[in-house]
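Some structures to go through are shown next.
Heads up, the next two complexes both have subunit A, just with different partners, subunit B and then subunit C.
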Partner chain A sequence: MKYWAGLLILMLTQPIRAEGELLVVVSRESRVDSLTKSQVVDLFMGRYVNFPNGDKAKVFDLAPKSEMKGQFYRRLVNRTEAQIDAYWARLLFSGRNTPPKETESPGQLIDEIISSSHAIGYISSQDLIDSLKVVYRFEAL
Partner chain B sequence: MPEKRTKKLNWIVDKVVDNSPRIIGGSVLLLLAHLSVAGQAQARTHDHPQQSEFNLSISGFGTLGVVRSSSDELYFHRELSMNASDSEYSFKPDSLFGLQVNVDFTESLDGITQVVLKDRASDTALDSLELLFLRYRPNRDWSLRLGRTSTDLYMLSEYRNVSYAYLWSRPIPEFYAITSSIAKVDGVDVSYTHALGGGSWETKLAYGITHSVLAVQASRFEVDLKNVLALTSVYTLDNWIFRLAAAWVEVDELEFQTNELVEELNFVPDILWPEAGVLAQSIDGPGKKLQYYALGLQYDHMNWIIQSELGYINSDWGIIQSFYNGYLSVGYRVDEMTFYGVLAHIDNSEEPTRYVSPQLPDHLPLELSGGINALYQGSVEALSASQIEQTTLSVGMRWDLYPNTCVKFQWDHTWIDSRGTAMWTQAQELVGDAEVDLLSLNFSFIFSL
Partner chain C sequence: MRRFRHQLYFKVALAIALSVALVAVLSSYFFYFEEVERNEQVSREHVNQLSRTIEKTASIAVYVQDSVLAREIIDGLAINDVVSEAELISEPGFSVYSGEKTLIGREGLSTLILYNPFSEDEVIGQLKILPNEAFIHHNAKDAAVNQAWMLALLTLVTAILVSFIVHKALTSPLNSITNKFEEIIPGQNSHISVPRFHQRDEIGRLVSGINTLVSSLNQSIDSERNLRKKTEILEKKFRLIFEQASAGICLIDSDNLLLTANPAFERIIYKSHSIEDAIGLRLTDWFDNKLQLESFLTDIRQSHHLDTVALDLKMKTLPGSPDCWVHCLFSKVLDAGKQSNLMIEVLMYDVTERTEREINTRFEADHDGLTHLKNRRAGRRALIELFDRAKENDKIAVIMNIDLDNFKTINDVRGHEAGDLVLIEVGLRMMAVFRNDDLCIRWGGDEFVVGCYFDNARFEERSLPAIEKLASELRCALNQDVQLSCGEDINIGASIGIAMYPQHGRDLESVLKAADSAMYVSKHRGRNQYSIFDPKLMGEPDSCPRNDAETKS
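Presenting the complex of A and B:
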């Protein structure tokens, strides 16, 4: 019985595991070691252009309509992509801030983060490699 | 015409130099000081030589929209700085195109230029320049800007041209059309942002001058304001935005048909009509002061987006009476569509000052007494021409059909008091109150190059 229950749990949790955990990462060279959720919101929603330690931040994002992008913003600020786009239009054209740089794929996003000590982005835990540093981890659903 | 433009340009330069030499001198010094510090800082961070701080990006926005108006008595303005459209169907009120260039010079110095083409009342190219500023951000909390910026008085002030960025077909006219004379300011501003109680609080102080050309009853109303001082405070917490703003302005120069009236009133001898001088003083523009106050609130959570603003404008200028305005907008999201309803109202809080008609001696030549009486009539009209009272109910739908584009459909029904039509260009004398329906269909987009 225990065995079956264990298998059932495994089967139920399988799809979540396959998606991987969402991580906010910087380059290993970055002087930033960890961020709170509200500090991540500050950067991804353009409230600040610098990390809390004063270093300039370069924020990277995924292409529109990718599943991970939708999930990231839902979990970060509970907003849809259309809402996020309109929000950034407000910031950009009021001259306040420029939106995160879009990358074509998770692979390209990782390349960008590795190549700059100021970069920050989000990845799936499956793509985590040594040259990246996790600064924020979303709690498991 | 080119001569006039050059004059205007020179005038603006003169004004800026006249008004704030110390501020500008100080800012330039600050920027120069910073550039040298930045140079040193860059030398220190040379372990990442691939990171060039200089970056240029081009982006833009636009709307293609058609409006159908039910009235051939009152012509619609989206805002007073735009022309009124006199046809039943028109692309002019809502269609526009904007282009923006962002340049990062160093980590803490950047600049922005934004040009917006629309059916403006002004034919001066310089007036299409919505933004042109240099910004210095010494750290994450402080920001100093020098140049032309949007006067950040109301919720949509900084992005009122970017239809993609807001819910409705256009910024609520009762709130935004009438204040377009101080939409942008040439000067300096400083802002300070800090974390407070889990949210973020930004306070901004701006100082400068403005120049605007308004289309008022089929003629041009060209006004320059000086000593424009604007204070904005915004608190953002999760799903809430609270804001309050105030601005104080002084009329510097005015080019309008009332100038001749003032001149003629000043010619009338005191013995004949003692009040002529007082009337002239009340109608004349330079030196008059206006104060703007605004409160704003937004709640945006899950399916609901609720927004409201209240404003009051106090005026000591005879031809503009103090007024208050406000709106409440409620929107509900269903997938990629947002359905909304808005109720907006504007009304004067005071009547135009009344002056008794001149009591002229009987022996006066008919020509002279007729002239003085005509001046009196003209003055009464001038004093009441900007009276305003109307209520609008709007319902509409925004559909985010594809990333960076949206389609909007909106119906507005406006009740206009017969004596309060200042937001419209009147094609013929109104008999009684009026009601106007507007139907609009807009396609809006943003892009980055």
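Presenting the complex of A and C:
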């Protein structure tokens, strides 16, 4: 009985704890200071390849099937990762638009962002470091 | 063919065919347009569905402004038959179209608003499709024509089926009934059999009705036949009665023309007339007193009381042939409803012999057997009539009383035979002197009375001399010798007394008496003379007729 109750508590508390806060970040050197949600969407979904100020944007994504990636797209456009893949599959056909570049881990993603002033990506709030600048913050659930 | 055209099943089939053709044409016409409309609607819906199918991809292509993807989509759309041209438009000048130029400004476009795939309230472009109207219309027309043909075919098949069923169920049994009905001969006990499967429906009832009718017709024909047979027998009997009757029977119309007559009638008529055919001739022409009979017949027709009248009539005869008398019974025949056109039935017996016998009997009864003058009884009756006529017409009735002189002596000396001879001779001479309608009467024994008329006007100048002349003629005639059978002549004479109405008496008896007394005056004056009654002489007592009557001659 105690075991079942413990499991229930675990199930209820787990997502909140694991989710943390999702942040869209750029390098500290980037001239972009903040973005609206739709601007974030337009960048991540390939509508625009430049930031609103005209700077070229290099969009980075996490590896497929990572928990945070699913979380991010659900929060951003309310789509599953499979739907996002299907979306890009249609665009890949023409070859003109390319999906965000995938990184193997959040650490590598952070490295990529730090190393380029054009890079943009998303991280969990726990991983926020000084060399990163938050341009969009998902509202807390 | 003409016959065929009048057959019921042909008419029914023709009517069905015509109405079906009408229905087929009308419904095909109506449904054609509806079908065209519907098909076009379907095609438009198809276009809409097509655009909705690629909506998501199109909005993605517009979202990322991927002209390759957009081209792919537009070309894919244009492959569809229902699509003529397609175009994807995005606001900032992004436009991909399949045709030669942009579709903006064209009519009949199907437009789909494209939204941002990640934000439902941001419009990012439009998908415009120009439907292939020609294709759609052609397609719709084809479908509608097919539909119309199907409808027509269906109606035709239905019509054929209905015709067949009507023929099988209605006209064919009716036809067979009609054929059998035409074969029915009235009077023969023929029946129509009910067609199979129709025992309980209207056709069955019709057949049983016809059968009932036919059998009742046959019954009435039978009874009619029997009746006619009876009537024929009866008619034969009546004709026999009519033709063999001893009495003459005939029927005359309102103009007295003969309508029909039996042989007995014709025998009576032909006895005295040589006529080829009596029918159509006037009945009254054959009788002696034609005018009288005609007015009598008119009376019968007009009178409500006279229905049957019997008359003895004398037929008109050819000169020289014997008299013919018939007893006739006239009866009115009322033809139902024709009051004006009155016929009269005449029943006629030849009564010539009987009438002659009667005439003889009456003559014998009224006349003296010896002299053939009227006897006293009939004479007195005739004198009364004479007086009545004289009174009515204001005339003079003259009575002459004639007494033979010395007749008793002749009788006694010469015998009764000689006396009879004298009396006969006297009668003949009197008849010769007087006119036919003067009355000559043997009053009794050797006494005679004559009655005659004279005009009253100018009595003294004309009538009186005439009377005196007549009296003197009579005296002369009676004074002639009479030759007896033995050849000897004997001289006779007569005393005549004359009296007149109204001069010498108001009635017959007084005038007779006056004439009688005047006769005695003649005897007293020496016989063989005439005397007119003189009232002055009547005063003498010895002139009393009764006393003298015993002493006379």
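Observations on the model:
Following the convention adopted for this analysis, the second predicted complex is superposed on the first by the 124 of 141 C-alpha atoms of A that agree within 3 Å, B and C clash if a C-alpha of one lies under 4 Å from a C-alpha of the other, contacts with A are read in each partner's own complex, and residues count from 1 in each chain.
FYI, contacts are C-beta pairs under 8 Å (C-beta built on N, C-alpha and C of every residue); 3 or more make two chains touch, one makes a residue touch a chain.
Keep in mind that this is a model prediction, so the values were computed, not measured.
Subunit B and subunit C, once both complexes are superposed via subunit A, clash. By the document's definition of touching, both partners, subunit B and subunit C, reach A:Ser94. In the superposed model, A:Ser115 lies in contact with subunit B only, and not with subunit C. Of the two partner chains placed around the shared chain by superposition, subunit B is the only one that A:Asn50 touches, whereas subunit C remains out of contact. By the touch criterion defined above, A:Ser38 lies against subunit B and subunit C together after alignment on the C-alpha atoms of chain A.
One of subunit B and subunit C touches more residues of subunit A, and that partner is B.
Shared-chain residue A:Asp85: touches subunit B; no touch with subunit C. Stretch 147-155 of subunit B is the one among 3-11, 57-65, 147-155 or 399-407 that clashes with subunit C after the shared chain A is superposed. Common to the subunit B and subunit C contact sets on subunit A are residues 38, 47, 90, 93-96. Of all residues in subunit C, only 57, 60, 63-69, 72, 117-119, 122 touch subunit A in the complex they form. Taken together, the subunit A residues at the contact with subunit B in this complex read 29, 38, 42, 47-50, 52, 54, 56, 64-65, 78, 80-83, 85-86, 89-90, 92-96, 98, 115-118. Residues of subunit A touching subunit C in their complex: 38, 41, 45-47, 76-77, 79, 87, 90-91, 93-97. On the subunit B side of its complex with subunit A, the touching residues are 48, 50-51, 57, 59, 61, 98, 100, 102, 107, 112, 114, 131, 133, 135, 137, 139-140, 149-150, 158-159, 161-162, 164-166, 193, 195, 198, 200, 236, 300-302, 333, 336, 400, 403-404, 406, 446.
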